[in-house]
Structures are given as C-alpha cells and as structure tokens.
Amino acid sequence: MMSDAAARGAAVRREVLGPERADRPPEPFAVPFREWVLDAAWGQVWDRPGLDRRTRSCVTLAVLTALRCTDELEMHVEAALRNGVTPDEIAEVLLHTTVYAGAPAGNAAFAIASRVLSAQEGRPE
Amino acid sequence: MMSDAAARGAAVRREVLGPERADRPPEPFAVPFREWVLDAAWGQVWDRPGLDRRTRSCVTLAVLTALRCTDELEMHVEAALRNGVTPDEIAEVLLHTTVYAGAPAGNAAFAIASRVLSAQEGRPE
Amino acid sequence: MMSDAAARGAAVRREVLGPERADRPPEPFAVPFREWVLDAAWGQVWDRPGLDRRTRSCVTLAVLTALRCTDELEMHVEAALRNGVTPDEIAEVLLHTTVYAGAPAGNAAFAIASRVLSAQEGRPE
Amino acid sequence: MMSDAAARGAAVRREVLGPERADRPPEPFAVPFREWVLDAAWGQVWDRPGLDRRTRSCVTLAVLTALRCTDELEMHVEAALRNGVTPDEIAEVLLHTTVYAGAPAGNAAFAIASRVLSAQEGRPE
Amino acid sequence: MMSDAAARGAAVRREVLGPERADRPPEPFAVPFREWVLDAAWGQVWDRPGLDRRTRSCVTLAVLTALRCTDELEMHVEAALRNGVTPDEIAEVLLHTTVYAGAPAGNAAFAIASRVLSAQEGRPE
Amino acid sequence: MMSDAAARGAAVRREVLGPERADRPPEPFAVPFREWVLDAAWGQVWDRPGLDRRTRSCVTLAVLTALRCTDELEMHVEAALRNGVTPDEIAEVLLHTTVYAGAPAGNAAFAIASRVLSAQEGRPE
C-alpha cells in the first residue's frame, strides 16, 4: 500500500511528466526505486508549496545538466515546457549552467533539448 | 583594456555580489581568470535579458550545490538574497537539488546557507 | 508531526551515528532538510531489512569517497565502526574505491579515516 | 611479460567477469590500459584477502552508480551475481546509493540492472 | 554580428576540429550556446598565445576523460591528432588520467580513442 | 618488501614532489594506500617513458582542477614548477580547464595556485 506522500507524489509526477510517461509500469526489479521516488522526490519535495513548478523545472534542468544526466534531461525538458518554461528560457537556463558546469555539459544539454523541441514542433496539437 | 562584455559584466557582478566583495582586486596570478569571468560569465551570460536575476540565482545555487562547490556557495547565497530570493525559497531550491544530487550535497549546502543567513541576521540594517 | 518513516528513521540514525551526534538539533534553516533525511534516507532506506548495516556502511563509505564528500566521511567512518566494520575492512573499502574513483579520492578518504581512527584510540572505553 | 600481480589479477578477473568477457583481447591501442588494470586493479586490489568478493562487488556497484559509469555497470551487475550477491541485495545497494548520489544516478543504475537481470532469466542454465 | 573574439575563435575552431565538423551549422535552439563557445572558449582561451596547441589538446583530453564527457572525447581525439599529439602520446595522457580519475573513466576513454584511431587508419590519405 | 615498480615509483615521486613532502611517512592506517600509489601511480604510470614530466604535470593539474581535488592541487602546483612548467603556463592550463570544467573549478584552482606561488616567491633560493 502506498504512503500518503507517495500517493500525492504519483499525482504530481503524472501532471509534470505527462500520463504517457507516468503510466508506464516500472520493471519489477525497479519497484523499490519507483516507490522511493514517488514518496521522497515527488511527494515530499516536488509537492511542497514554497516554490512554483516553473522554478522547480529550471532548477531540475540545471542540476541534470551539471551532473550530465543526459537520459533524464530529455524527460525534464518536456516537463519544463509543461510547467510553463518557454524554449527561450530553457536555452537561458542551459547557457547559465554552462558557465558553472563547463562547455561539454552545456553542449550535451543543448543537443538533447534541441531534439526534444524539434520533436514537439512536429506534433499535432 | 577591458572588452565591452567585460565592462558590462563588471557592473552586473558588482550589483549581484555586492561592492565589498566585487571591489577586491584579484591576485596578480589570477588576473587572466578574472578577465575571462567578467567577460564570459558575467558579461555574456548573467547580463542576458531572457531570464530574470532571481531565477538565475536559483539556477546558480542548484548547480553549485550539485557540483559541491562549497566555497562559491557562500557568495551565491548572499547574491540570491540580493536578487530577491527569500530564505524560504533558498531552502526549497537546496532541498529540490538534494533529490537529484544526493543527501551529502544537500547537507553541505544547508550548512553553508545556515551560516550565511545567521550572519546576515546579526547585521545592522 | 513526524511521519512514521521519519520516526523509524530517527531511531536508526541515532543507533548508527551515535547519540552525541544524533541529538544535536539542526539549525532552524535546515529543519526541512533534516525532516527529509530522517524520512527518505534513514526511515525509507537504512531501515529496510534486505541488507545488513555492515554492508550498508561499506556502501556508504564507498559512495562518499567516490563523490569526495569529505565532511560526511568522518561521521560515516565512525558509523562503520559502530556497525561492525573493522579498521582493516575500512581500509580495504577505501582502497577498492580508489581503483574506481582515482587516487586523489582515495588519498582524501584515507587521511580522514586515519584521523578518526587515531582519535578513537585515544578515547577511554 | 606480465608482472606477478598482473598474472594473479588476470585469474581473478576471469573468475569475476566470466571467461566470455575476460578472454576478449583488448584493442591494440588499449593494451597499456589493460596491463595496468590487470596489475593495479585486479592483482593489487581485488586479489587482496581482507575483504570478501561479495562485499567488493557491493562496493563496486555503489561507486559505479555514484559516478554514473553506466557502461561498466552492466558488467559489474553480472559480476555481483557471480560473486553471490542476490538480485534483491543488488536492488538494496542501488537504492542505498541513490540516497547519497541522487535519484538520476539511481534511475540509470536500476534501468541497467533490470536489463541484465531480465537477460539472465532468459538464459538456459 | 560576431564579436572579434568569436571571429578569431571560429577560425581556431575550424583549424582544430577540421572543416567537416566546424562547418556544420548548429541547431537553431543551440545558436546562443555556439556563439558563447566561439567567443568564450575558442576565441578567449584556445587562441591565447601562452600554451601551444599540442599541450592544450593533452589538457582537453585529460579533462574530458576525467569528467566522462564521452561525446566530446571523440571529437577531441581527432583534434589532438591534428594538433600533433601522436597516438602513443594520447594513450599516455589517457593512462595518466586514469590514475587520478579512476579505472572506469580510463576504460571509456580508451574505448572511444581506439574507435577513432581505427577509423582514421582506414581512411585514404 | 617493495615491488620493483614501487621502488621505481618511490624514486620518481621523490623527484617530483620533493624530499620534504616525499619523506614524510604515511599514517599506519594509510600504508596500503601508499604502497598502491607508489606502485600503480608513480611506478607504473609517472615513470613511463612515452610522455615528458612537463606534460604529465599539465595533465595532472587539469584533472585535479576538473575533479575539484583542492588538497592535491597545492602539492601538484609545486610539482609542476619542479617539472619545468612556468607560472604563466600553469595559469594557461587552469584557464583552459575552466572552459571545460566550469568557472567554480577554475576559481578554486586559481586561488590555490596563487597561494603556492606567493609562498614560493617568499622563499630564500
């Protein structure tokens, strides 16, 4: 049974990552990780009231770029758009992060975000 | 002679870091680094119009926390306050970053920010 | 009010870090971090039954060494001793980690662990 | 000619990584790296008596997860199984590491380990 | 309009990365990043007289290996050859870096450099 | 008894780090680390003929800066001077690394190197 925090987290995660991604069940092996993430990351942190989702997305993009988490970045560029960060603002966040994390971190992040944004433009509304 | 970008950068840096810190001359050995930072970081990035300084401060705190740049963090907690990020919002940025960068990164950042905020409270206005 | 996981976590943390360290209240600014750590780290992870505390300590030392979290390492060398890892096994964990994380990471970790172990020897039993 | 340590290391490596992987010759360009690894990593560290292979595997998984060495992780999930770490214990090591290294590091490691474990289940015994 | 530093940087970049790679236009989204890199990285740093390009290439390979920037490494192994670093010297730089950054960082770098060097040998002169 | 590689490594280390630093005995707890470093780092890598010590020092400074190993950096700025890298070239290596590793990594490295160079100037010859 899910904890309260995990249940709240599951709802926030679905809004931020979108139903298509959020509704995929985890691999059986990864179930303990998914439960922890729903509770500790989405329920206990993303759901807190003190910072708007737009700023949370900017912060997330910055950290993922700095730590070179390229797999997660794709998902969180989409999430940032969903949370109201414009493509131009995403570019500013990535360029700002480049100064602090170095050119290769920025280069990789711009490549991924370019791909996500091109794919989005091709989609029917 | 300073480039245009470096001159603009020096002004932004002084506003963000405060005159006390900004007006200290660099060590002679570090002059090439200072010049590069004024131009490439402060002039060409912090001075860009597409993202407000408050969000730039949140992004900076997130990256410095994630990369464990504890020395720089002190300076940028002060800068964040100067740019209008409240102490509660700083705590949210650090907690949000903790999820993505791990508990020790968060622990170190909260310790530094606690120290800066206590020192600020003690100051005459 | 503390969640169930946080209450369980507080008990585990006190056993692992020792009462002297565990009973220090956090800085007011760091209270949200402490709450998250008690719940998400100590309650939801350290308290899980599937891995003994001795192995959890070895894993923790390895990660802190690899990520160069030197502040936390001191505390977790003490915790490892409390969890039954011998000084010789701590040395093996740090040397093993050195291969994967590089000589400077190992050097810093050995310096900290040497200091902790010397201090422990000087203590009355 | 191989040093004594490298010869001992080659034997340990073959036991831990399995003959299929261990017997592939390195690219000619990578020969100096292979020789160093056999001697310095496998001969001088993995072969030391003070820590059992099961714990060495847990430590290795933790470091590779924390440093986001996703390529090496696949090989060392297989090695951990060979060294007697159960799939449930691997999940505990990865979840424990997530607390210290952040959710994206954990996410990537769980994805890789899930793939390795599914592939293993499909194999004839 | 390009700054002077960016114009100088574009010329250096073309010499170091080769025309085939340098003349590909960036994705529209990545234009601000490209402009920053030409000015801040290639114009203001690579173009400085105080260090020869051969040593700059060795330093670049070392940093990219240590930070696990595998995407950039391919491009900079080619650049190192163009700047007069021999394949044997590249191997020495990567092995030296391995000591400080750990075996997995070295392993990944040797794999990429092996691929680049094999591909180069197959090319008509 | 020391391996041949460790004995060669001890001699190289003494030349590069200077007798004052090299002749300090390690803490008893850190003896296995010291032995590994003499053999695997100094004997098997620094002693290899294929790359001059001047370039090895540049590579070492770059990696330590990128990985934020500030403790080791002090020792290796001194070593670089001993290996014939001039202060101006050290500045170039650190600035070059800044582009790839980010401004805070560069800032910390310039601060340490400034301190070492000022201390050296004050010494009697």
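Observations on the model:
In order of appearance the chains are A, B, C, D, E and F, and numbering begins at 1 in each one.
By definition in this document, a contact is a pair of C-beta atoms (placed from the backbone, for glycine too) under 8 Å apart; a residue touches a chain by one contact, two chains touch by 3 or more.
This is a predicted model, so every value here is computed, not measured.
Comparing mean CA positions across the assembly, the chain most remote from chain A is F.
Ranking every chain by how far its Cα centroid lies from the centroid of chain B, the top place goes to D. Although chain B and chain E share one sequence, what matters here is the overlap of their interface residues, and that overlap exceeds half of the numbers used. Averaging Cα coordinates per chain places chain B and chain F 30 Å apart. Centre-to-centre spacing of chain C and chain D amounts to 24 Å, using the average Cα coordinate of each chain. Note: centroid distance chain B to chain D, computed from Cα atoms, is 40 Å.
For chain F, residues that reach two or more other chains under the stated contact definition are 32, 36, 40-41, 45, 48, 64, 67-69, 91-92, 95, 98-105. If you draw each protein chain as a dot and join the dots that touch, every dot ends up joined to every other dot.
Chain C meets chain F in the complex at residues 68, 87, 91-92, 94-95, 98, 102-108, 110-111, 113-114, 117-118.
In the complex of the two chains, the chain B residues touching chain E come out as 3, 5, 32, 36, 39-40, 44-45, 48. The part of chain C that touches chain D in the complex is made up of residues 40-41, 45-46, 48, 50-51, 55-56, 58-60, 62-67, 69, 88-89, 91-93, 95-101.
Against chain E, the residues of chain C that register as touching in their complex are 98-105. On the side of chain B, the complex with chain F involves touching residues 27-30, 32-33, 36-37, 41, 64, 67-69, 71-72.
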